[in-house]
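So, here's a batch of structures to check.
Shared between the two complexes below is chain A, which has chain B as its partner in the first and chain C in the second.
Up next is the complex of A and B:
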């Protein structure tokens, strides 16, 4: 077996993520062991050499993402995988990858934090860290799979977005999805879209500006590219005091994501135009919505939902639409309110936003618990 | 060699940011001379990585070359990603003592242990120069710095020896008062395989020399020259005698299987058996 073939597989979420990465063209992986993400590293260690790729365990998470950044500049599609504690250690480099426009994929398989917390138990506590974790003015692209199937397909999408926008992309998975086994369908490989970064033409010299998404050279090809996380002009030359250069660079880096929210944002929606009660959900928690909505409708409550497949950039327009029809919007999360505030801000008083939170022991929010909220609509 | 050495050939037309009399000029010049003497007309066979600090500015963005200026202390991991994918490129890391063996120490040891095929050139000015002269892991015991106003209460690290223990294929130490020996050492190191390390004990007149009481750069260079002893001689000395000496010379030169050799063999076999 080299790259995976069309077919139906019974994969673990982490395995599906690794196979998705390889299918997307990932040929470099560096990581440091951590529950519940280690199976990604283990699977990559076995599989990448079979397809001519490299997988290596580094001394820590900074080294892991550092090697990924180096590999990306050497021309490879590259990925690392971790969980909360390691994700925190990677934050400086995530900002670096953003600033230097280095495409790469970072998988954070969330577990219950803060700190070592409950290492083997699932959680959704890194939502805001994935958006605001690094320092400085930054815009994130964060993907949120809710099934083993999506660990495969959305990891491919993560690579495509990273390559297209020349930016780090975070796959925000969770211990539940990562460790469950489900049927996963791999479509005909030719039907899977894979995007590769745009390379410069020989005479091109501006790899950090002029265009919204500049072309990216590979080291060793004669482009003499100067890469720096310090503020730089379009040729990569440092300008550490000039306000104009900083505004231009950081403005463009944020705008290249902000100006394409509609293209980046991905969600599944149901009945959002004519519902009394809306649900905004994502990740493992969103697995409860179908049953809850079905039962609510049986009881005559018009219910709709938005299931976010990307968390950031936040898809404000669709949330506003839901807020225009629904009187109340429930936001179930395995944390103590994170996306809740974003929904509340976006709804801007058009609907009452009701939190539903549960943490600890990796316990999921059940369809019954969700139904209770839908029925009584109280905080 | 017919062509004469011209440093400009390798440098972008930019003003260098170093203070007058800084030892970094010597390291930069010596490295490019070595490259020139090895017959490289340009730096196209090289890729450079460096972290944060005055010393890390040597290649970035001044060299007309591919250079990656990484977060503080993380040049070696980035070099790892590059070298693993591009074993054909001479991967050279520049950094200060704070960058390489303060914040980046773990990466340094692990790269030597793995025998990552890179050359690390560390400018040891015994201080955190860029941030204003704070104590470094290499600061001599008792020295007053901005964060040790009563004198440093820690022992400095012997980095060239540490590299040997960690597994380096080449480890040498020189000072900026030994430009010829340094140049030859760089030439040897570029031609050697595996993890290679060169420590250059250097003067930082601004954040170190001035504070510890050196009158000028000339005095600092005299100190570097006078306090240096060849390794063989240093090894004969008592601990007390050698305490304030700088042991210079080549600490190790040996062959070991490199990381890239091992990994590429594994890939080849895995690909064959996966068919």
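Up next is the complex of A and C:
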């Protein structure tokens, strides 16, 4: 058995994520086991050697992402997977990957935090960490799957975005989706788009600037390349005091994502042009919206929703559109308000934003609980 | 068949409730239905309460957790007491009568299956009790083909234990 074949599978979310990665071309995995992400490492350890790849367990999460960054510079598509505590440990290296423009994928399967929290229980508490976790001015691309199917397809997309924009991409899953099993359809493999990083031509020498997304050499192929987390010019030479070089570099790194929000942002929407009540949802929590909306409509309440498949960069224009039509927007989350504030900021008074929050025990927000909010529209 | 059947399998960690749910969901998908299987357990490897939920439907499954189940399997006393409140009034309660001595009050239809004892006597190990319960369940709900169940067992458990797991499943159908 090599890469997965077309067909219908009954996969666990973590398994689908691993198969999606392999389908996207991932050939290096380094990780450290942690509930509820361990099955990704387990599956990669079994599967990567079968396709000529390498899976390795490191001594901790910092070493894991360090190995992933190294593997990427050695030319591999590389991934690591963890949960909140490990994601916290990885933050410095995520900044390094951003600053050095290293394509890689980091999967954070969220559980109830902070700290060790409730290891086997699902949560959505890492939403802001996924955007702002490392220090300095940076822009994250964060993907949010809500089904086992999307653990497969959106992991492929994560690799494509990482390679295209030459940046780390975070797959922000949760314990519910990662541990759930559902049927997953793998389309004909030749129909799946995979993107590979642009490599330099022999005469090219600037790997860190001059164009929005510069080409990335593979170490060992004859290019002179200095990779540094310090501020550097387009040739990788350190400029640790020059304001212009810093502004140019950090400006470009943020702009290469900011300038392509429309292409990166992905969402599913329903009835957002003519609804009284809107819902903005993502991840496992969004699995409650269909039933809630159906029942609200039976009661004569015009309801619409946006289900985010990417959380960051934040898709402001579509949220604004919803805020222009809806009087109230409900933001259900398995945390104590995170995306709520982003929706509120974007709506800028056009609609009243109502939080619906639930934490602990991995309990999902039910369609009934959501319907109550839709009906009474109170905080 | 009804459009949607919701099943909860509960017991102690180590009794194989997650594996049983996984096999059931996989078999449903082999039969061309939609299935979603979720699980909940403690931080320990075994010994605390665990549950597995399977929703089988002809249509799309949007919300994957069960609020009221049509069928409930309980494999120990604590699971029986904890979960019976989530069983529909006209639902089906399947009890491993080897472990559950006090049947909680319910208006649901009760099926007593001495799964753990049968597993020990017939197969030498109580770990096969889950397959016996699964056999009993599929006979009662009658929505999954025998062929898909056997294929799902073959595709889920390790090779050397396939035969005995299938035997235990068949034994459960005959109880």
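Here is the rule we go by: the second predicted complex is superposed on the first by the 379 of 379 C-alpha atoms of A that agree within 3 Å, B and C clash if a C-alpha of one lies under 4 Å from a C-alpha of the other, contacts with A are read in each partner's own complex, and residues count from 1 in each chain.
Just so it is clear, contacts are C-beta pairs under 8 Å (C-beta built on N, C-alpha and C of every residue); 3 or more make two chains touch, one makes a residue touch a chain.
These numbers were taken from a predicted model, which means no experiment stands behind them.
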Query = What is the contact status of A:290 with respect to chain B (first) and chain C (second): first, second, both, or neither?
reply = second
Query = What is the contact status of A:8 with respect to chain B (first) and chain C (second): first, second, both, or neither?
reply = second
Message = Per the contact definition in the header, classify A:362: touching chain B only (first), chain C only (second), both, or neither.
response = second
Ask   = After superposition on the shared chain, which partner residues are touched by A:189: those of chain B (first), chain C (second), both, or neither?
value = neither
Ask   = Is A:56 contacted by the first partner chain B, the second partner chain C, both or neither?
value = first
Message = Please report the chain A residues shared by its interface with chain B and its interface with chain C.
response = none
Contact footprint of chain A on chain B as seen in their complex = 12, 14, 44, 47, 49, 60-61, 64-71, 73-74, 76-86, 88-89, 106-107, 110, 263, 266-267, 269-271, 274-275
Inquiry  = Can you tell me which positions in chain A touch chain C when the two form their complex?
reply    = 8, 10, 35, 119-120, 176, 179-183, 287-291, 362, 364, 366-368
Note = As the complex stands, chain C meets chain A at residues 22, 25-26, 29-30, 34-43, 60-65, 67
Query = What residues on chain A touch chain B, complex-wise?
reply = 1-2, 28, 30, 49-54, 56, 58-60, 62-76, 78, 92-93, 96, 219-220, 222-230, 232, 236-238
